[in-house]
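Here's the structure, in structure tokens; my notes come after.
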């Protein structure tokens, strides 16, 4: 699992059916690279989280049929950047 | 999921049967590296999209038997490069 | 499988249900990058371990329903950094 | 899927049973890194192809029990290096 | 599949049950990075091999329940470093 910071919400009106209406987050990793994750936890921007990738990203969703490859798993209590 | 820009269509006459007649797109990631994705959304060149990889790339297609590992999931409404 | 060093425990109160109450470890790889793993072995900080990723990370847990993508597989007996 | 160039055939007499007698190709990616792929298309050295990785690499083979993680999916009609 | 050189055996007394008593190898890739693989072929140090990753790494083992993500698939007959 990777350590990342939530930067923003991703607004995406036109999407595949498999994503449903899940809210999406833009995350920044420790090298500054951006990616997009589904968020079953509900994390505000600025927080440090850890994410799970691959098939486990689907199982971490309440509905495992959501077609994601990156899901926020939890908020890190304390993180010194 | 990764943030990428659609660059072009990929013309490929000779292909494995598992790809069917799916249209393919050449994408550029944030570092400039190119890759190829299936496109169930129908995205014109120039648009910024986000893509899903791994087994989820198949589930994001209308037909999950398509042998892809990268699928365009949606068009990002606004993206400042 | 990757060779990594256990750095610390990760404290995370708010997490997805799929992680249960599994203890989490912060690991450092050979390039210094940090990641988070589940730990069925019980490894103290400072030890060098090897980890398994992808779907195998779930099968390496006692309970394969745990939604992890990185699991500590064993402690390396001797490792010269 | 990745864009790669076929460099050579890989000669490998001693192999695991799961690879059968499949012919193997050495490929070079856009950064010059080499890897090995199974080739259900039959591509001569020098050609630019795109490849699929992960579990989809098995499904792209005529026999999905072949234990590969990288399979040539098609020949790109025109590619300017 | 990746091209790697076998460097050493990995001694690991304390390990997860899912690895059984499989022997483990330390491998070096073309950039010099080290990783750990299961070895159903039986390869002595110094040899150049190619490896399979992901779920295919389990299917390449005689027992597909072994929790590995990297397995040696074959010895390359001739390799100029």
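Order as written gives the chain letters A, B, C, D and E; numbering starts at 1 within each chain.
Convention: a residue touches a chain if its C-beta (ideal position, glycine included) is under 8 Å from a C-beta of that chain, and two chains touch if they have at least 3 such contacts.
These numbers were taken from a predicted model, which means no experiment stands behind them.
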{"item": "Contact distance in steps, from subunit B to subunit E", "value": "2"}
{"item": "Chains touching both subunit A and subunit E", "value": "C"}
{"item": "Subunit C on subunit E, rotation in degrees - Cα superposition, rounded to nearest 5", "value": "70"}
{"item": "Homomeric contact subunit D-subunit E: same or different residue positions, threshold half", "value": "different"}
{"item": "Separation of subunit B from subunit C, taking each centre as the mean of its C-alpha atoms, in whole Å", "value": "32"}
{"item": "Centre distance in Å when subunit A and subunit B are each reduced to the mean of their C-alpha atoms", "value": "20"}
{"item": "Per-residue multi-chain contacts in subunit B, two or more chains", "value": "53-55, 57"}
{"item": "Overall pattern in which the protein chains touch one another (line/ring/star/complete/other)", "value": "ring"}
{"item": "Chain order, ring traversed from subunit D with subunit E following", "value": "D, E, C, A, B"}
{"item": "Residue numbers on subunit D that touch subunit E, as the complex places them", "value": "10-16, 18-19, 24, 26, 33-37, 53-55, 57-58, 65, 67-70"}
{"item": "For the subunit D and subunit B complex, residues of the former touching the latter", "value": "1-3, 30-31, 40-41, 50, 52-57, 59-60, 71-78"}
